[in-house]
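Presented below are the structures under discussion, each in the form of structure tokens.
Shared between the two complexes below is chain A, which has chain B as its partner in the first and chain C in the second.
What follows is the complex of A and B.
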């Protein structure tokens, strides 16, 4: 029996270990291209500071917006019956099916309509601006957050809400005091995943906001620009910085959340 | 943690107002064939005139699509004349394009030429992995096919074509990444990263066509005066010296030395099945 348990645990742990080794191999493959001089040069570069600030800012705003939209949307899809629900449920997966470059192109095309031109005439413009970076990231990640949160809400037994209603709670009250606390872990997971996806987003961001250094270039687009001139030491230095910042933020968020819970 | 978040937010918000320097920015859409000298020239121009240059760089075709869809941008500087022709065809360009620098086709190999590739005919060697850019969308790929066809090597080299990428910059990166042994690219690629790449110059008669980097004012330019000033700077002695520093040829007679009989610019139509 003990042997069977051990074998089971090993069979579960083995794929995890293999995946870990694979990821470590991927990350360590940068070593031959890594240059300490290029790394320190990048650390002192104004363009890098701008790219880091923009990446953190845009990922935080876009993932916050995505979560704010995703919580009610996912709850509606999980709990409320309405006509066309199946169609809408499938339709909002569109950003996950389309490639980010196609999504970016769609955003640019939408700005080329009469409505877009009207907004542009009033000075409201998205292409090649920081707002464009946020919109591109939001468009890519919002469906992911809805999908994750829908699954979270579906896993919560509706009887909890029904009991709360029987005890006098309003629909909003039972959602606020019963469902949301029960969904807390799922919401946190969705925040972490969408933020991580947003900070690494490239295709839609480049299409909508371009690659202007110091203006709309995020860390991923800075890596692309370094690759464009075959400057591998610079690209690797930027990758190390992106990996470092992302791991630090994600680990920090996880520690804080676990401490609070 | 809270203070850090506020700091990031402030920097992010400041980004919205990054142009608030008192001068209208010049928005340039440029192909990556001129990326290193253009970045340096933009910085030098900014320091000199205080006019900010906003450089959006990428594949010449992709940025042309962005210009078409948004109507934005002051200057278009594609990697080759083919895309300028398309921009003219779409009525996106105001006035006549200006030539900024010339591009000469060459074989790009790893530093020190470890596989001892000496001439174009060596590309038939079975031990070689050859890389080109996609001839259907990237001009340097089209030039590669034209060179092979003009030298009756297309069928013999085709089995060795192992890498095909969607931009000329990515074609250059195939060498330091060791994805292929030789790239049919621009001579200027080697000057981007002289520590990792060498250029093998082709024989004069082997080059059927030379390319050039054109620049033109866009029809929807919001800062036409600034754009004209930047374009004039790029073709001034100071701007041209930056391109020369990066290994680019800035006058036709120098480019002609590599291929006196070659055509300059214009479009080559590749065979339907190449």
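What follows is the complex of A and C.
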């Protein structure tokens, strides 16, 4: 019996171990292209600082926006019955099905319409701006956050909200005092995942905002630029920096969350 | 206290009602019915959690049909209790007071008066409500529901997941709360024993309709529909015809056997009735003992054809002589031991007129 248990555990752990080995191989294979000189050169480069700052800023803003929109949207899809719900539920998955390049094209083309021109007249310009980077990332990640949060809200027993209502909460009050605290872990997981997805976003960002050095170039687009000019040591150095920053932030958030819970 | 008039509600394909009831001044109503009868839907509609399709609900004479749940001042104890897992025991109990902005010292006073009543002193400082036992969770949820001093307390099968001992303790506690705090309770259950033990008034709901509402005796001994009679485990039901309406209003019934049944308003000769008697109401006549005045009619000779043993009772299945009619007779174990019946024994039984009920059949 004990052997069967061990066999079961091994069969579950084995794919995980293989995946870990694969990722470690991917990363370690870059070692032959890694140059310490190039790495330090990149660290002191103004373009890199700008790319890092823009990546962190845009990912934080776009993931915050996505969560702010996703929380009520996901709740509505999980709890409220309204006409056309199934269609809307399917429709908002569109960004997850479309490639980021196609999404970026959609955003860019929409700016070439009368609505885009009207907004431009008011000084609101998105193509090839930082706002464009944020919008591109937001468009890619919002559906992911809605999907994650919808599943979180569906797992919360609606009786909790009903009891809260009868104990005196308004609909908004029961959402604030009961549903949101119960969804905290799911919301935090959604924040981490959307932020991670946003900081690595490339396709839609390049289409909408381009790769202007020191202006709209993010870390992923800087890696792309380095690769396109065959500057492998620079590309690897940038990759190491991107991986380092991402792991640092993800671990930091996880430690804070686990400490709080 | 609570009144519903022509209340209709819908969930999916299931339609509730139209339901009419008036709890009046009774302080404990149990709503009894099988699973899927619409009991929870009725509670949810009265609480405002589900909008009614039509009809009205009154609380303390005030029409609350359009009121929001939080405006009705009803507390609710659902089957799964729905304790808030992100709050500790104290925070759970004080939740309603905090939301309704009840003065902190007043809330603490109320809490202190509930602690001994619900035996919560040892639990109040527990941090994790999920670690409480089933009975402890029940008491915490009850305290949370009672602390805001609601107009009414609605209970939805609150003891269904508990073992028999804890269940009985909490049922006794609930009756104590009802009497001590004077809170009016509407209690949904499918457990007949629980309904009869706790309810001052009992309502029976079947297939989305409120079939009968009345006192314990009304429901138990005088069911008004065959659905109610069957649900309350009336095993002895006979399809009979009123052959004669007697001078005192009683009916001479016939069909397989002949017996005298209590009168029924508007009964006519030739009308069909379902006639029934609870198995524990059937009297076994002891030979050589003088018969009282109630035992002079509806006497039948019978033979024991089967014996079923239950926890504290035995059921004798007896076949009446010169007929195909079989009747269940329930005896407590001690009586069964004294009488010592076995299959094949002959005996005489009496179906007392006052123990019989009649329901007109269309």
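We adopt the following convention: the second predicted complex is superposed on the first by the 261 of 261 C-alpha atoms of A that agree within 3 Å, B and C clash if a C-alpha of one lies under 4 Å from a C-alpha of the other, contacts with A are read in each partner's own complex, and residues count from 1 in each chain.
In this section, contacts are C-beta pairs under 8 Å (C-beta built on N, C-alpha and C of every residue); 3 or more make two chains touch, one makes a residue touch a chain.
Since we're looking at a predicted model, the values are computed, not measured.
When the shared chain is aligned, chain B comes close enough to touch A:210, but chain C does not. Of the two partner chains placed by the overlay, only chain C lies in contact with A:173; chain B stays clear of it.
Using the contact criterion defined above for the overlaid structures, shared-chain residue A:111 touches chain B, although it does not reach chain C.
Look at A:182: by the touch rule set out above, it reaches chain C but stays clear of chain B. Contacts of A:157 after superposition: chain C is touched, whereas chain B is not reached. In the superposed model, A:131 makes contact with chain B only, not with chain C. After superposition on the shared chain, chain A has more residues touched by B, the comparison being chain B against chain C.
Overlap of the chain B and chain C contact sets on chain A: empty, with no shared residue. Of all the residues in chain A, the ones that touch chain B in their complex are 33, 50, 53-54, 56-58, 60-61, 105, 108-109, 111-112, 127-131, 206-207, 210-216, 225, 227-232, 252, 256.
Listed in rising order, the residues of chain A touching chain C in the complex are 157, 159-160, 162-171, 173, 177-178, 181-182, 184. Within the complex formed with chain A, the residues of chain C that make contact are 44, 47, 49, 68-70, 72, 74-76, 78, 80, 82, 84-86, 95-96, 99-100, 144-145, 148, 150. The residues of chain B lying in touch with chain A in their complex are 1, 5, 8-9, 11-13, 15-16, 18-19, 27, 29, 32, 35-36, 39, 54-58, 62, 65-66, 69-72, 167, 169-170, 172-173, 175-177, 189, 192-193, 196-197.
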